[in-house]
Amino acid sequence: MLHFDSDYMEGAHPAILQRLLDTNLDQTTGYGSDPYTARAARLILDACAQPDGKVFFFVGGTPANATTIDGLLSSVGGVMAAETGHINVHEGGAIEASGHKVIALPSHDGKVSADDVAHYVDAFYADASNEHMTPPEVLYISQPTELGTLYSLAELESLSRVCRERSIPLYLDGARLGYGLAADGNDAQLQDIARLADVFYIGGTKVGALFGEACVVPRPTLLPRFVTLMKQHGAILAKGRLLGLQFETLFTDGLYGRIARNAIEQAMRLKRAFTAKGYRLAVDSPTNQQFFILPNEVLDRLAQTATFEVWGARGETETMVRFVTSWATTPQAIDELIAAL
Amino acid sequence: MLHFDSDYMEGAHPAILQRLLDTNLDQTTGYGSDPYTARAARLILDACAQPDGKVFFFVGGTPANATTIDGLLSSVGGVMAAETGHINVHEGGAIEASGHKVIALPSHDGKVSADDVAHYVDAFYADASNEHMTPPEVLYISQPTELGTLYSLAELESLSRVCRERSIPLYLDGARLGYGLAADGNDAQLQDIARLADVFYIGGTKVGALFGEACVVPRPTLLPRFVTLMKQHGAILAKGRLLGLQFETLFTDGLYGRIARNAIEQAMRLKRAFTAKGYRLAVDSPTNQQFFILPNEVLDRLAQTATFEVWGARGETETMVRFVTSWATTPQAIDELIAAL
Amino acid sequence: MLHFDSDYMEGAHPAILQRLLDTNLDQTTGYGSDPYTARAARLILDACAQPDGKVFFFVGGTPANATTIDGLLSSVGGVMAAETGHINVHEGGAIEASGHKVIALPSHDGKVSADDVAHYVDAFYADASNEHMTPPEVLYISQPTELGTLYSLAELESLSRVCRERSIPLYLDGARLGYGLAADGNDAQLQDIARLADVFYIGGTKVGALFGEACVVPRPTLLPRFVTLMKQHGAILAKGRLLGLQFETLFTDGLYGRIARNAIEQAMRLKRAFTAKGYRLAVDSPTNQQFFILPNEVLDRLAQTATFEVWGARGETETMVRFVTSWATTPQAIDELIAAL
Amino acid sequence: MLHFDSDYMEGAHPAILQRLLDTNLDQTTGYGSDPYTARAARLILDACAQPDGKVFFFVGGTPANATTIDGLLSSVGGVMAAETGHINVHEGGAIEASGHKVIALPSHDGKVSADDVAHYVDAFYADASNEHMTPPEVLYISQPTELGTLYSLAELESLSRVCRERSIPLYLDGARLGYGLAADGNDAQLQDIARLADVFYIGGTKVGALFGEACVVPRPTLLPRFVTLMKQHGAILAKGRLLGLQFETLFTDGLYGRIARNAIEQAMRLKRAFTAKGYRLAVDSPTNQQFFILPNEVLDRLAQTATFEVWGARGETETMVRFVTSWATTPQAIDELIAAL
């Protein structure tokens, strides 16, 4: 059986495991105060061209999102997100659990538009009677989005400008950022993101690490007492070096980009094969998540060869499905899947 | 330089790393739905003699404590703990961040007494005017405590009885439980704890794992919708199998107990050497944390050989310090430390 | 200038002020433990035909909603509401501040449909992968709604049945309940509401009281330790008798219903006059809030005679507005407004 | 039967009721946007000599405390208070419910000492390892305290200096402030308090109003978006003018001070009578709360004449009790109590 359920089905890239082995009995202090973590942070800030920034390492995306957004908001503020955004749907209400409302904006294939943001914020603050409503204080986006789509550089420039003109931090969830950076046609590089977002994280869990997300804060005064807030959110790993070691490895010799590129290449092969067979795209995604509308009998047949996610019926006879590739997807697996189409 | 700062200074027991290597490219579904995690849970429940229980795996102690206690409390309830308890002091206010008060009880070398609990709860509920105060709904203890001390079986029996008579769940933080179980003179075995506590966790981070705490719930109806609550707390690991694989290894062939025993043996050697030199114990701990009152010149001299934690001045000329051994402490390290005394 | 901005522009019905005067120097204990409050609760429970229920008095609607919903939800649960619902829009994120998500359902002129609720809940619990999403645990509705519309008895029966079959408490916000009960064509009486809702409040602030909402809980075990939760929410009035005295007055000799009826009669006169002039209804409301789409020049002209709420542009040349009558609206005021049309 | 249970047993000073009557059918907009509230704020700011300040009106002390402290704290911060402080004991965990820890400092007859504050804060921030602990960000005191005691002007000057040197807002709970200002020997006037505290409230509920606390913020930038935060806390009264009308009355022609003085005079008569009989003071209070240690047979005898609060046994044969006078206490009531001693 082939598996395309998600991009976190394997362990880690072998270079990461080797690094854990090589350093296993070294003794270091805890909570990220070790030299591996310091080096990883330095490598990431260099790659981002943000020498004065700080990097905070999290074990997963939900604690990264919940802690960062809590830190950016006042007691009364809310975070805007596409209605399909991960924080609005799939994080168990973690934002609300820290006392904050998620303000849902329209989703355009997973993306929010700068116009929508500008209009919402301006209309909100223009009307004094809105004093009884939740003020929009932060914008959350993800790159790539939940639907595999990408913001263009121009779109990110617009969002960033709209936000900065209104003193609203732009937070970018990069759980799959590697796959976005490696996508054909992507024109928003890591340094662009670091320049345009106010806080963002570079996902490791889905791009070669056992686990780990590197949260980059170009101007650290934006998040005072953030280590304590991380502790409050239960989001500090005792052996913090495990995060440092993994990101040090991923950001050495371009490993992160290289392994992400494999996922893209296999995803594009898969996409071409499906469309060549006449199956419709549910969304036109340039990244490692591919969404199709399949006739139900095709779905049933494929389910004998591969596992994948079913996203719900589309009419009586068709179903939306998701196939995901990753750093670990082999060309052979794609060959076999194509053969089964 | 020797290091006795904490019991999480190294990576993991080699058997765990080997297991990660061996399974690295296996494909499994996420969030703990994999077969390794199922096996680990089974091994732990067998060891606890709690066949109907469930095990939830966390990455660290703070998310385990905060999530579990939030799940056990009503919106209005508070959790009792020794004033020295980890949740009351060193978790960044994580309990309060989920909306709950920590009700501090007197600490007797890190322990709470059953009499204190009974008296507090009974006095609280006896007085209707307490309706404006936070009701004590859960008791938190740790075994061993923050000060390395242990509850005897009789003490745990008393606490459990006092709690059950009052319908108050007893939650036991076992961050260092392995070291408690392996201590000389300990008479509370794992099955006793599983019988007497309502929820407890078996610590892995400090006892041989890279990270991980196994939260055991003998009667799972006590924590409905707990997986969702874990997600809300940002406490679910995407590649949950990493937790399963580690605990599967630790609970195979008695590894957990064996490596914990090493820490105890080295701690006792260290304790004997210090007391033979005439240095006073700050607390008489039978476990892997040892607390001494050292003359300041001794402290200064030892600091040239070893790192350890300074817990504050005791008068003008002495200081309280903590030395910690672990599963990874070598006899040679203790030899060298003793030589430097 | 005439005022139709809201139904809380005056003080209280004179009978209430007289009652405050008559009892002013009586001495009673605090927090609602006084005999006036006991009598008010008894009168309300009798009117509801719920002799075993309890009544909790709040100063306003937001604390009533936030406290009650917090009490009904587990740590992880969310409350369903129409997307236009007051708790979702105009309470400053009070639900989220207590840690809970508001799950927005489609609004049908302010109402939620039983079908929508059944479908949402059933689909949610049918899919195990929803374990990372907020479980819908409570349904919030208001009667009348934010748009002045009313649920029919049949609709309330359906909602109640759908909820009870799924063990989901139905919470009804009755900020303007008096005006709903007094409306022409209303077929859901107070005893129906008490039978069909699990918790609801009878609004006083907008119906003759200085302030106050009477929260009725027919089966009080549903909300254990609720007084403490009220205190936690800052929602207990020290001189609780002020709430008791007002509701005692409102529920003596049918005062509540009688004064509500005046608001309806004046609202219907106003509605007939506007429609006779050819102005369109924005919503067809049978209660004391009336919504019209006015040509902008009409709006400008009326603004010289009366104050009212502007709800936003409808195209280039028209605007949606709200006119509100109350227990205190005089026939003369309506005469003058009609003359100005 | 005489009643000395509390200072909120009656309604309001007759002048307040008269003012409510006189204005009852005036129409005003809601939420404190009316002219009465504006005038009340102006009168209070003038009395405080803080022309640039703002005043926010609350219905009660718990919402005032919880909202203000939430507004002053960062997500991660805690509030220091005497262990006996109202927020630490008698507010149902309202501070924790908004996510914040109460950091208990030693109580010196209800007061905290500037030395204790300075030491706690300095020790906290001196030690980097405290990054996992709750940072003290606000100081809460009450004047008078829960035990009726008063800070001297010199003590308030010290506390204020210690706090300002450390950028820690000083918040003063003045639930009974009137009685403190009117006490014999008090040397901290209202303008001193307004100068030394960063936020404080002037209590009305216990000093002549039906309800109401006027929260004064001399430098309003300290609490941005505070109206929205009040809404989030359910702490905005719809008919806000009721608060404005009451404080306008209390701050006209010195009424607030005059009625407070009556409570002090009656309390001092009561105190002298008890001590003349040889009964010991539990605390030496100059304000309207008086605490005695009574032999149990005296307590039993007095209980036939008067109601009062029992604060718990003091040994086998004595009990601590509290007697409270108020603006409404008559000389006759004190005469009768003294006769019964």
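First chain written, first letter: the chains are A, B, C and D, and each begins at residue 1.
To be clear about the criterion, contacts are C-beta pairs under 8 Å (C-beta built on N, C-alpha and C of every residue); 3 or more make two chains touch, one makes a residue touch a chain.
Keep in mind that this is a model prediction, so the values were computed, not measured.
In this entry, A-B is the pair from A-C, B-C or A-B that repeats the interface of C-D, since more than half of their contact pairs coincide by residue number. When the interfaces A-D and A-B are ranked by how many C-beta pairs touch across them, A-B comes first. A separation of 42 Å divides the Cα centre of chain B from that of chain D. With centres defined as mean CA coordinates, chain D is found 49 Å away from chain A. Averaging C-alpha coordinates per chain places the centre of chain A 33 Å away from that of chain B.
Chain B has residues 75-76, 91-93, 97-99, 132-134, 228-229, 231-232, 236 in contact with two or more other chains.
Looking at the complex, you find that chain D touches chain C at residues 3, 5-6, 8-12, 14, 17, 20-21, 23-30, 59-63, 66-67, 91-94, 97-98, 205-206, 210-211, 228-239, 242, 328. The touching residues of chain B, counted against chain D in their complex, run 75-76, 78, 89-93, 95-102, 104, 132-134.
Contacts from chain C toward chain B in the complex involve residues 31, 70-71, 73-77, 98-99, 131-135, 224-225, 227-229, 231-232, 236.
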